[in-house]
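Structure provided below as structure tokens; questions to follow.
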Amino acid sequence: MKIRIGSIGLGRLGYEHAKNLAYFIQGAELAALCDIDAERLRSVSAELGVKKTYSGFAKMCSDPDIDAVTIVSPSAFHTEHIRIALDSGKHVFVEKPLDVTVEKCREAERIVEAHPDKVFMIGFMRRYDHSYRKAKEKIDNGDIGRIILIRSYTQDPVSAIESTLKFAPNSGGQFLDMSVHDADLFRWFTGGQRPRKLWAIGGCFAYPQYRDWNDGDNVSALIQYEDETMAFLFAGRAAAHGSNVETEIIGTKGALRIGAVGTDSLLEVMSEHGVCRECYGDFVARWHDAYIAELTEFVRCIQEGRKADVTVYDGTAALETVYRCKYSFERGEMVSFRD
Amino acid sequence: MKIRIGSIGLGRLGYEHAKNLAYFIQGAELAALCDIDAERLRSVSAELGVKKTYSGFAKMCSDPDIDAVTIVSPSAFHTEHIRIALDSGKHVFVEKPLDVTVEKCREAERIVEAHPDKVFMIGFMRRYDHSYRKAKEKIDNGDIGRIILIRSYTQDPVSAIESTLKFAPNSGGQFLDMSVHDADLFRWFTGGQRPRKLWAIGGCFAYPQYRDWNDGDNVSALIQYEDETMAFLFAGRAAAHGSNVETEIIGTKGALRIGAVGTDSLLEVMSEHGVCRECYGDFVARWHDAYIAELTEFVRCIQEGRKADVTVYDGTAALETVYRCKYSFERGEMVSFRD
Amino acid sequence: MKIRIGSIGLGRLGYEHAKNLAYFIQGAELAALCDIDAERLRSVSAELGVKKTYSGFAKMCSDPDIDAVTIVSPSAFHTEHIRIALDSGKHVFVEKPLDVTVEKCREAERIVEAHPDKVFMIGFMRRYDHSYRKAKEKIDNGDIGRIILIRSYTQDPVSAIESTLKFAPNSGGQFLDMSVHDADLFRWFTGGQRPRKLWAIGGCFAYPQYRDWNDGDNVSALIQYEDETMAFLFAGRAAAHGSNVETEIIGTKGALRIGAVGTDSLLEVMSEHGVCRECYGDFVARWHDAYIAELTEFVRCIQEGRKADVTVYDGTAALETVYRCKYSFERGEMVSFRD
Amino acid sequence: MKIRIGSIGLGRLGYEHAKNLAYFIQGAELAALCDIDAERLRSVSAELGVKKTYSGFAKMCSDPDIDAVTIVSPSAFHTEHIRIALDSGKHVFVEKPLDVTVEKCREAERIVEAHPDKVFMIGFMRRYDHSYRKAKEKIDNGDIGRIILIRSYTQDPVSAIESTLKFAPNSGGQFLDMSVHDADLFRWFTGGQRPRKLWAIGGCFAYPQYRDWNDGDNVSALIQYEDETMAFLFAGRAAAHGSNVETEIIGTKGALRIGAVGTDSLLEVMSEHGVCRECYGDFVARWHDAYIAELTEFVRCIQEGRKADVTVYDGTAALETVYRCKYSFERGEMVSFRD
């Protein structure tokens, strides 16, 4: 039985999810689309052959032909949309971050708890990436011993800087928009460790306009977890070599690296520049398979009456971490979590 | 409109294609399965939810509900199956090699020519691999100048040696079974160059039983093309590090390598063994996406009334090359193509 | 004219320097050795064919046949030994760190300033490593634009842990002993930027005995420089894969990595562990050429009447940085440099 | 006691050896230089501080102050120079190839045999390279089982093409000049296996002038050894990415690669070209340490009254192999060694 899915939000990633639902997710049918931009809604639904379109999310959620929704609306609307969807009896997949404040995340937790029969899942797609899964297995298997340090980079390509700058004022800032993925990885790899203290810094190294948004174009944070595990994250907006997400986990018995080479294929090019590997052009190219894998898991959970591994609490935990990074960065102070 | 496909042959790769058709190929429906092993037929059709099963290929081809067939039967039956399918009005996708002798390949050519309205395609899946396609684009773009040497390795993992040995007597030998892929790459990358001379050698380095089949466990060949382009191929049956296919194209202005690192993910492991990248476990893992891409292209050709890029002549050319390698290896002589 | 050198300290690195002076440094002659361990002094001087030996450093410095000294004594004696040597009219090469407190480093500065005619140099050998020099050139050439983040790891192999633990109580701790190299790289690559704030953390992940020395077996620090450049350092004592020093410099126009692969040769090994590169077994193997290069430079400075690029102020700056890391680590507090 | 060495030939490599003898070879003293170019002789001897110079080799060999000679004269003079030197009582280090015909190599063998008290060594410096030595150790240790295939590339950088073309008419051709190194590696790694058959091909892909010299700018050969071991060699004159020597040894239990990455440092550069490693600029940069190691070994053999591992028979064997490659290439025929 196909799971009929309505999707809200047709930005870059919303479009990607819609396309995946239309073509690549086994057991799913893209039944409806919702967006406030009527023209965008019309063209994408035509392209993907989706018959039903909605300008209002509540309206879409009242459609009895829809079993589940994927929420790719602006982050600040997430909790509201989660409430509407769950109250309408729909399963929910929501993009990260869960929302933009810890309070709203906690509210989302209560809403999800009130609908224990529904599947709820957050788009931490790195957890569904082949390389990251292999790393997780090795860690859980004890291959690298106890984790000492996790380092994670999220770098966007300079080729995308124009659209990045346009999106920046509403993105929530680098920590909420990008580093939330790294924060979730820290939680996932450490088996749920909680931060004790953190310090975040950064600056406007190439794009002074970020100063107007109280943000930096490149930022980093050092986090100490309660069991003394160390984590370092870095987010940058203008990598010359492409879209680069790289994570290293150093343990007492070994270490793992994901994406240290960071190419998008098995190709090496020998030229006057040396021996070169080309990187992913953008995040969609990097995570294409993981995006499919996560929505496939969402659909399977519904079909099999299971809960997803990624919970609403993961969403809150990651948001809380990066929110405090943001706070630390803005105040120039170290932040303790027991405050 | 879905293209309804019947598939013959449920060996390792036949099963893989069937599964892909059932789940991953947009626009395709796996409508029927055919195999002489009744038990295998029953279990796979049950697993994949295929309603129609046939023990005879002609019978399946007379089914009007089927639009196209995928032929994954033993190589020596290919031409016969191609004839039956095309004469029954079905589009044809056939696994490599086209057949096991040059004469039968030429016969296949005439059959295909007699059905110009049907899509015909050979399973040279490397042409549909992301890394190989990027290489091809760069070559066609002139990035590496004129091709000087192509080197291509096809190595199976030692972990598969048991099943390899079982399959060996009916495989056609290393050159026909494995190197045919490399021979096709040479043709593809050089834009259709024809061999002038070749010399093939090899031996039984670890598995003496290959001697009984007039074969070696590891073989290689040096080929001189008519325009003096050089090509070197190597096929091995027992690589310690896994399934490894690696191709290098050296040109006058640069060079390209595909799979020189040959890992199946972006993961690096640091341990007492150094800094290690893990390889693909088997060929299915390596070519999963390419298998999907080639069948997707097959289906699209049918839907759009196009011909495939891979032609029956490519099948003959590759077979002819490796057949002469086999001849050269068996006789211990150099072979000229103008003989 | 050969520069006649007397060397004090015959520990692991002292022995290495002595051997290099005896065999590999053009223009140098190892004229005398000094150590408090009479037996060690006897055996090394015999091995290296050094005729003069001293148990007291002042005595060696009063020898008119000696032009220069290399000081590889325990760090806490450095300033005293610098004073004795310079006051005796000898040129001075001193191992890092300059000394173990900022006050003593400042004292060393005044001593060096009082002898402007003498060559004075500190053993920051990474500055003389081929790979690091290439990186420095590219940075100075503007290839990577403005520096955003420098990340530097210093990892000792687990195979050396026994001797490491023995040496630990007198090493000054991880920050002073290991990270001082990274701190110097930050200074060198940024062209002399000064830290504004830092925060250091760590723990005893595998070797609880470090707790007795108020230290950790793995530590890290995040440093914010005055121009907002970010730096992250990590020091670990028990890497499974060998001796690993790795530095990354991320700039606005590109990035550089040194030692990310970290092998000691151009060899790759394919085995059941995958495709592996072996790492350096220890720091002596990693820095052999750099140790020779730095002493060669020391000797040339003397011969040519030049000053070394590495100054006493570099020694103070690096020590100050890591000393505050140590302070931050011990107190669990962030440290500001304007305090 | 210093070994006093006279060196003949001040071309590119002759100069390099002279410089190494002057500065870097422990226990050696560059006592005299010999060259027919008086101006070159004058300038190099001035630069290196060599007091004695000779225009005639016999004259230099009659100098009682000289213990040994390094012969870096044109290859066709090697046997003659070996005779003069040994008859004069000097130890001999001769550059590869031993000479340019098999007959002359056999003559050299007889001369060397007639002076069993002298050290005689050929400049197969790859045997003294750190990476190659590690590979050899692993092979001899049985790590990769029985050798199946050795592949070896010798590529010169396009940046050197001008000087390469000037030198080409007297170089002996690609096989004798370049591939002789690969042929020696095959012999060394296989423990002295002898070729049974070979076939060599090639062409003028970028530089038609090689046709005038009955040569190609890029050539290759496939060799079958008596125990069925396979070897493939490739020599190219115009690699875009620099000086590249790469060797792979595939065995029944594992495989080894040397120089597959081929960089001259541990530096990686991230830029719009991807993640790049820079290659060696020329052969001198690549083999600097090996050149020093081989001459150091030569000197030690003299000092310790030992014979070198590389024998005159190795010189003949390698020359014979590449000479037959040359013959095969010129005739377009396969060559059997039992002819």
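When the chains are written out, they are named A, B, C and D in that same order, and each has its own residue count from 1.
Going forward, contacts are C-beta pairs under 8 Å (C-beta built on N, C-alpha and C of every residue); 3 or more make two chains touch, one makes a residue touch a chain.
If you're wondering where the values come from, they're calculated on a predicted model, not measured in any experiment.
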In contact with subunit A and subunit B alike are the chains C, D
Contact-richer chain pair [B-C vs C-D]: C-D
At what distance in angstrom does the C-alpha mean of subunit D lie from that of subunit C? 38
If you average the CA atoms of subunit B and of subunit C, how far apart do the two points sit, in angstrom? 56
Multi-chain contacts only, two chains or more: what residues does subunit D have there? 239-241, 253-255, 260-262, 269-272, 278
In the complex, go through subunit D and note every residue touching subunit B. 145-146, 148-149, 151, 197, 199, 201-203, 205-206, 218, 220-222, 224, 228-230, 232, 234, 236, 238-241, 250, 252-255, 260, 332-334
In the complex, the residues of subunit C that touch subunit B are 239-242, 261-263, 269-279
In the complex, go through subunit D and note every residue touching subunit C. 23-24, 26, 130-131, 134-135, 138, 143, 253-262, 264-272, 278
